[in-house]
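Let me begin by handing over the structure; questions about it come next.
Per-chain numbering from 1; labels A, B and C assigned in written order.
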């Protein structure tokens, strides 16, 4: 026979379940509201919202088009809100960020776990924590006033002059505010997060496996390579989750990315990211019909990218087993 | 025995599909010290935790059978009322780390509404610490945190905490397993004094046959989830009826 | 034989160099922002913190009082909303670990943690600003509260889980009821870990810009108009003013950036001091 639950316990259960449910409700509202406000622009522009490169705010609303057929060229008349440049900017800056960020991350993890003496490791750990929480607007302000001009003069100009034939570097950088700058700044910002992930995974490698490697007479380089290969899923996860972080960032990116509607192979040009587009164009959107909806459509795809990338990243994290 | 404090019939406990208690029948007499003894894994601790229904905190536990405490079936009562009948001391000392020595003892009294005023609370705390034979050692540092005490002292603090509840019965789960011989003797002295002066019924789980013989008036022998035999210590110690009991008392388990 | 060791050497050098490069920026950021911002604060003295921003053509830039007031109000109210909500949800997760609601809350918390904070601002925009037609400090607080919730939840759950079960057993054995065990024992024993989670969440909320863009919106004429008026915040002000063309206001942005930096470093140190756990 099972004893009855006391009334007190039942009250406690429902009292605690309430705040838990509220939090879940918040997420649901987030998903629904993004979708809800985006739908009107889909009704007019359809999927072309994501595939066109023209951003043309006008008082005259966009011409209705077939919503299921994504086009590349919008109608000539009326406004049009194409998000492809912003999507491109987000992707390029995020990919740049993880390429550089991964390099920093691996170097930091290997340094802290294998090379640095204990005191130095603790100092580095604190510094990384400090970087992790720094308000993003401060990164942005530094990027705008210092990093941008620095990259412009010492990297982008020389690279453009000498390697300008390569499409990647083919445009002349007009200022420090480019999608490349955004990528570099983001790489600095996402590194602490990636370091935490990879480091935890690296530390979970059982000591006996490490002993075995040493006993085989491996050099440090070979040993590290072996360890990293054992935690490859974590590294992949860090890449994905870092990508998610980089694509979500708003304040810092808006200040350094240039905020111009652009798309192309060259990374030394100014651009928009989805979040910087939203931040930048928001005040305008009050005046132009459908612009706000288009911005929410941008938010929607940002949300979807984020959720997908993060889910895969977390599944990968669980794959590290010994 | 006239009106046993505890009467158990057909108690079965299963945890996550595994049978721990396989039909326990026993009686614990009032105002005595009863030793519940047996080798490790015989189900003694589980049995103890059934009495104050602490076992229900475990995931996947199934309990069946009849357990009567002072005549009432504990499964028909409100679980919190059942727990307040018993004061429990655990195998490893566990005084609350965030409370002072005084507050640790006091919380036993406060939760059970034993004291009506600050003055009464002070008296109960002092009484409990004296009965636990700890008062002299802590009377000048009642507001110190408990981790300043030795393991043996912490265990006596836990005894005081349980006593402050003014329970009718004390349950002790191998209380001296992790403390040194001197503190063990002190704890055992405290129990004997309690039985003599306060008429509290004591059930003490132990896997050490010598302790059972030393301390108790009544013995219940557990083996493999069942009661093998029970009786006054004098009889069991000299001439146990069962072979298992004999082997356990000789230290062959 | 030698080839392997040469590679090893080169590898070590590269790793050390790159690792150092990776952490150089933060030092430079701190130094640079101090270099640009401290003089502005010093030049204007106390009035920097007590005045409103001046007109763009004025001689002196004025002050950042609205931003400070807004940050203070919104951070405190956000904390008052987020902490009870998230802590109770964490208690639920620890008390009923196998319940489906617990798994749902964990997934929700992780998602909220990773979602772009600008989207959270957009949510409150849709829920509160659009229907009422006004930007308010309260909207900003709500947005910040949502940003804080996953942080408080995650750290609270960790702290509560690490309370040794023996204390919980002892509490029940004393006859305590569930609510008493939770609030007199579990939460109290875990209080250091809980405080640390709150400190981390507050630090995060204090530095966020994006959620406030469409909720609090910013204010410059009045220091604080009340919860139902638009409000400014330190990161928001820095973000907006640094993009303007006016020297005056850019100066305020740098001074504000320096102030924000100092605030952040202070909270960072505070959170670290709370790391020492209650002794078990």
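The rule we apply is simple: a residue touches a chain if its C-beta (ideal position, glycine included) is under 8 Å from a C-beta of that chain, and two chains touch if they have at least 3 such contacts.
Since this is a predicted model, take the numbers as computed values, not measurements.
By C-beta pair count, the most extensively touching chains are A-C. Of all chains shown, C has the CA centroid lying nearest to the centroid of every protein CA atom.
Taking the CA centroid of subunit C as reference, the farthest chain centroid is that of B. A straight line joining the Cα centres of subunit A and subunit B is 58 Å long.
Distance from the subunit B centre to the subunit C centre is 49 Å, each centre being the mean of its Cα atoms. Subunit C has its Cα centroid 19 Å from the Cα centroid of subunit A. Along subunit A, residues 6, 8 each make contact with two or more other chains. Among the residues of subunit C, those touching two or more other chains are numbered 177.
Shared interface positions of subunit B, i.e. residues touching 2 or more other chains, are given as 80.
Only residues 53, 56, 64, 75, 78-80 of subunit B touch subunit A when the two sit together in their complex. The touching residues of subunit C, counted against subunit A in their complex, run 4-5, 7-8, 11-12, 14-16, 18-19, 21-23, 25-26, 28-29, 32-33, 36, 84-86, 88-89, 91-93, 95-96, 101-102, 104-105, 108-112, 114-120, 122-123, 126-127, 146, 149, 153, 177-179, 182, 200, 203-204, 206-210, 213-214, 235, 238-239, 242-243, 253-254, 257, 260-261, 264, 268, 272. Contacts from subunit C toward subunit B in the complex involve residues 98, 164, 166-177, 180, 184-185, 188-189, 191, 278-280.
Interface of subunit B with subunit C (complex): residues 52, 54, 57, 59, 80, 83-84, 86-88, 90, 92, 94, 96-98, 107-108, 111-112, 145, 147, 158, 161-162, 165. Looking at the complex, you find that subunit A touches subunit B at residues 1, 3, 6, 8.
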